[in-house]
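The chains carry the letters A, B, C, D and E, assigned in the order they are written, with residues numbered from 1 in each.
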Amino acid sequence: MEHFTGKFNLEELVYKYRYPLGAVFLLLLLGLPYLGLSQYVMRIIIMIGIYTMLALGLNILTGYTGLVSLGHSGFFAIGAYVTAILMLKLQIHFIPAAFIAMIITGICGLLLGLPTLRLTGTYLSIVTLGFAEIVKMIIMNWEPVTNGTLGLRNIPRPSFFGIDLTLANHGMYYFMLILLFLITFLCIAIKKSKLGRALHAIKENELAASMMGIYTARYKILAFILSAVITGLAGGYYATLVSYIDHNSFTFDVSILILSIVILGGMGTIRGMFFGSILLIVFPEIARPLMEWRFVVYGLVLIFMMRFRPQGLLGWRTTLPFQVPVNAQERQKRSGKHGISRS
Amino acid sequence: MILQQAFNGLALGMAYALIAVGYSLVFGILRLVNFSHGSVYAFGAHMVILFVSYHFGLAPAIILGVVLTGLLGILIDKMALSPLRKKNSPGISSLITTIGISYIIQNLLMMAFGSEKKTFPELFPSKMITIAGAQVSSMQIVMFIASVILLLVLTLLVKFTKIGLAMRSVEQSEKIASLMGINTNFIIAFTFFLGGASAAIASILISGYYQIVYPTMGFVVGLKAFAAAVLGGIGLFHGSIVGGLVIGVAEAIAASLFGSAYRDSVAFIILILVLVIRPAGLFGKKGIEKV
Amino acid sequence: ASTKESSQDGPLKIAVAFPMTGDNAEYGKSFLLAAQIKVDEWNENGGVLGREVELVSYDDKNSGDEAASIAQKIVSDPEIIGVLGHFASGVSMVAAPTYNENKYIEISNTASHPDYSSIGDYIFRNNSVISSEFGVIEDVLVNDLKLSKVGVVAIKTDWGTTAGDIAADIFGNNPSLTLVGREDVLEGSDDYSLAIAKLKEAGAEAVIGVGMYSLLAPLAKQYKAVDPEIQVIGLSNAYAQQLIELGGEAAEGIIFPVSFYADSTDPAVRKFVDTYTEEFGSEPSALAAQAYDSIGILLEAVKQNGSTDRESLRDTLNAISYPGITGETQFDEIGDASKEYTKLVVKDGKFIRFSDVSGK
Amino acid sequence: MSLLKVVDLHTSYGKIKALRGISLEVNEGEIISLIGSNGAGKSTLLGSITGIVSPASGKVLFEGKDITNNRPNEIVRKGISISLEGRGILPRLTVEENLRVGAYSISNKNEIKAAMEEMYQMFPRLAQRKKQLAGTMSGGEQQMLAIARALMSKPKLLLLDEPSLGLAPNLVKQIFQMIKDINQKGISILLIEQNATMALRIANRAYVLENGIVKLSGTTEHLLNHSGVKKAYLGEVR
Amino acid sequence: MAFLEVKNISIQFGGLTAVDGLDFKVEEGQVVSIIGPNGAGKTTIFNILTGIYQPGEGEIYFQGQQINGLAPQKIVSSGIARTFQNIRLFPDMRVIENVLVGTHIQTRYRLVDGFLRIRRFRQEESEKIQFAAKLLDEVGLSSRLNDYADNLPYGEQRKLEIARAIATGAKLLLLDEPAAGMNPKESEELRQFILDLKKQGYTILLIEHDMNVVMNLSDYIYVVDYGKKIAEGLPQEIQGNKQVATAYLGESEVDL
């Protein structure tokens, strides 16, 4: 509220110049590898990209629909493992492998969504948490397939036209950009359609939503599936990036990190997912000199954020006028004769 | 063998139940999933070994540890959670906050005590008792009795006393409770104190049994205890105890049938199965919402 | 010749990458200290090739992600000639390809995954090879103790699983031993009663705890509570003062093979142990001793090589034979070190040579 | 002597100024009505008196003592009690427990029992539903409970925020009758009502609130005949 | 058959029979009111009609179709929408978005269309927005279009809830105490508004305690008590009914 006017101007300004700003941003993203950044920095940037995808995925569930998941590391793991196993053991190309991984994570999303339909709040959160733990147990024990605690090594990089994408040739970076772009587009499309509105309505008041004819159960499941699929894709990409995965890559902390990004950035927003992941991925890197204090500081950051800006850093109610197509606005000018108006 | 494993499972379950009671207490009164509970639990045990190392003697160290951990509970609330309640922040904010708190406590403990596993003094010379061919340690029996007492005390407190009525009012609306003349600050502080103290009691009993203490000791048990609390119907003390025991026994069965490696996820499998059939847990009643 | 040549003056840097925070910080810290002690020794004698040696420490939190990012950071510093680290095999193996591609030597004093050292020519392991440790245990069981029914309790990590498999293989193939059960237990759970009940039921006479002291001590305690007769056996990883502190009474009689013995009268060992104990407050573990030796090997190789050229340094390292406090170390063609073992037993709250007790 | 005195009270919600300098007085034994359209600031005024919102400036005096910014529970113990807009019952407690909570500041068990009996006589529906969870009661039933609960603490001053909301006509009449009866027992009342006609008929004096300030005040006869009040609040019908 | 016909419905909560063998009818284009004491079971009737509760027995026909036992969503699609006794808006959505959610079942494009942003999607989306804006204009909320629902004053929230119900395309509107919390002037405005809706061809079933609204608006009135119908008739008939007077209206003027 306090920053009302300041943000108003900024938001309007950004909106006004959204095309030139977008173009600059896009050029910057495309040209990033040629700015002479070290591989270390590029790797961090790619990690930011991956976590943005993960956050966008969780955002559909938590931000749009209001279902808090503490177990997204489970979908992340399934996506990574399925992709890696298909590529390693069946020598399938990344694209079909990731595609199958998305289908399987989607099915898992469905399976997790079904029993959680009747659950709310805490109950739902603990079930998602449990799901991730179960996934981890399967990974650790299903040795013939997952290689157990030894993890999977030498996961090949995606290759196109005979060229392996690597960090060095920036292939992995551009590939990440493409995936990120697709996912972002999907999220915007969801948000701006009746699906997005239905999910939001469910979050706000489930009973009222069902009284609007929204099949709340189906939509919640759909949110689960979409969220899982996006997370699974991010997992597949992650596996090929790091080329080694084991159960330790998918712990509870990862789930919490994704959730923190969503909340810190601003639940339900898309801008926030980018901003949140930049913040939370870069933070540990620059905080290295803090050593042990790093986690304490991290904890403090979470606490202070929730205390002073619980809606997230970039979470605010937009003040831009809703875009009503012109001919309707005209009609709106002749103000209503009938209709109870209060003076 | 089966009997022995059942006893082992019950003993294990008692540990979960002891911790679960704390989750239930804080959730029951404040509708808050306190993710820092596991760290607070570790804090309790560390305080005791600290005081013991300064030659306070075991009993004073335990009392000091329990009180101090209770105070830590109050501190957590005053510093981090009460401002959120004042602003009517959504539940997820408090959840993230308690996770933040958990990081802080755990890492401060690591810095102060190191991450290695340390010994916890034996509370009393424990003996093995043979019941119907199965071996049970006297410490386990003490744990069992302690949690039943804890259950009874808390249930009586919340259900039948005036302060309990105040606690339940605060649960539903802090604002209205205060308008009815209830000192909500005190009630909430009291609840957090009980939550912290119960965590400390749990950790002292459990550490006394295993004699191992380290900063992250609360994580895995904490998660399982949380599952146990939800399984029984979070906010219900008897639910927490039964939930804990069910999970303990289920783990024992799973370990016997499939091997110890499958043990840890049994808690969650059972939890999911139960919640599918009874969405509010074993003893939970469906929330009412008047349309 | 290598593309990145380090400059000829200024300190010569070695990276140390371990978990310095989090659950396993105790290990990272102790390895860093051990490494520093070795570096100090060299610097007192004028450094190597006339240059001072400096350790650069990184915290990988024992996470693959972190390690990958750290590895990138390390290989972008041409002054660094090699890396001591990382802690878990899985983590080391995420970072290793980066080191190998960039021709940075990595020596791990802890990695135990069989595939670790074959990742590349620049990847070395200065840790005991599990199968030879089990060879020693086999000998203890069959010849010293004359026990035949063995149970294995292994920690469910990459290391524990591998070691557990090797144990099962070795004991399974020995006609005078029977493997009565193998239980994999998870990290972070301090209750082993379920596994113990199963092994006891199966009639185990000896149980082998595949894990660090943090597994072995509670395992011994809980097992002896239900079966005071059980013989507990560990691996060299568990050799740490905390085993006795944590295990108390129950630690008595635990036997395990080590390549490093802190109470040894060897002056080199004494020197290290005393310095370390003074700084750290407790005696060094075998793993810490291996960290100390790893730095020694690397510096010795630089000295013998006469330059920091990366390729020739690797070749020198492959050819070296280094007498350290963990015995004579040589790397085989894939980069694994072979070690010799002493059997230790816990008696009256102390680690002593098994031969001193049994007279063998 | 004035029981409650509000002096130049200002209260805001962030940027929204809900009260912009309110002064009013309730004397011992009086019924005072407060009318004004939606959003005028009536509920905010009650909130500021009871301490659930803190005023930016101004004073609230009760029995001559400054109670501004005291905590609600302290204020309630001094003898003010409130029945909230939108009922504010505790949904997962039973009817009886809600009443018990209302009597929280009373420690004498017999007194509580007597008060409870009195309420059950006043609202027989509540007596039939002692063990029902308050949240499952119908809208009107909840309103009865809210009023009964406010009376449990034997207040000197009773604040009623739209007590007739959602009540059936017969009950509305009953409630107004009850307000009179309560007042006759010596309890002063500050009443907020949308039903302005009734509110003005029952009260001794009244204040009209608009946009956070007192627009008009005076005896009820005066206001009932005031043309502006008639037009804005009383409506043409009736 | 009548537009809405309810036959012998009953429901119990534990031991309590909240609705007890009730019959009533609503003819197309009429305003029909249900009145009765607090706790009589009026809201419960709405909950049964909209599928939130399943009646223990009885049948409900809407436009000749049996709708009891259907899911709430099906019932909305068939043309029945409601408002709630305690307002249930989507507070964190704008006024116009609240109405757009109301158009959900009227929106025909498929989800994939939305992802591909094809013409059909864009066209329909813009139609719906225009429709929503028009509707808001009609209820007098056009100046509030960009506001967030929870920032509206109480009276406007009630209007928005009605607008949202209309947006579903319903022919029958169930309004649960729309005048509660309004002063006499405001409730008079509301009465005019409902009359307008009637003129536009909507059929309205109303629960209300404000007798000014009920008596001057209803074509027909049902009186329930303890879940049973105790009277029915034209407003004048109800006003003169002795039983209604005792059970509901209150016998005497209060002595003030």
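General remarks:
Simple rule for what comes next: a residue touches a chain if its C-beta (ideal position, glycine included) is under 8 Å from a C-beta of that chain, and two chains touch if they have at least 3 such contacts.
Just so we're clear, the structure is a prediction, and the values are computed from it rather than from any experiment.
Counted as hops between touching chains, the shortest connection from chain C to chain D is 2.
Distances between chain centres, each the mean of the C-alpha atoms, put D farthest from chain A. Just to note, of D-E and A-C, the chains joined by more C-beta pairs in contact are D-E.
Each chain's centre was taken as the mean of its CA atoms, and the one lying most distant from chain B is E. Centres computed as Cα averages put chain A at a distance of 39 Å from chain E. Remark: chain A and chain D have CA centroids separated by 49 Å (rounded to whole angstrom). Taking each chain's centre as the mean of its C-alpha atoms, chain A lies 33 Å from chain B. With centres defined as mean CA coordinates, chain D is found 42 Å away from chain B.
Those residues of chain C in touch with two or more other chains are numbered 21-22, 25, 156. Shared interface positions of chain B, i.e. residues touching 2 or more other chains, are given as 107, 110, 261, 264, 289, 291. In chain E, 43, 52, 84-85, 153, 155, 186 are the positions where the chain touches two or more neighbouring chains simultaneously. On the side of chain E, the complex with chain A involves touching residues 50, 52, 71-73, 76-77, 81-82, 84, 88-94, 96-97, 100-105, 107, 109, 111, 114-115, 117, 121, 125-126, 129-130, 133-134, 137-142, 145-146, 148, 153, 155-156, 159, 164, 168, 186, 189-190, 192-193, 196.
By the touch criterion given at the top, residues 13, 35-40, 43, 85-86, 153-155, 177, 180-188, 209, 211-212, 216, 247-251, 253-256 of chain E touch chain D in their complex. Remark: chain B residues 1, 4-5, 8-9, 11-12, 15, 107, 110, 114-119, 126, 128, 135, 137, 210-212, 216-217, 219-220, 251-252, 255-256, 259-261, 263-264 touch chain C in the complex. Interface residues of chain B facing chain D in the complex, by the touch rule stated above, are 162, 165-166, 168-169, 171-173, 175-185, 288-290. Of all residues in chain A, only 186, 189-190, 192-195, 197-198, 200-201, 203-205, 207-215, 317, 321-325, 327-329, 331-332, 335-336, 338-342 touch chain E in the complex they form.
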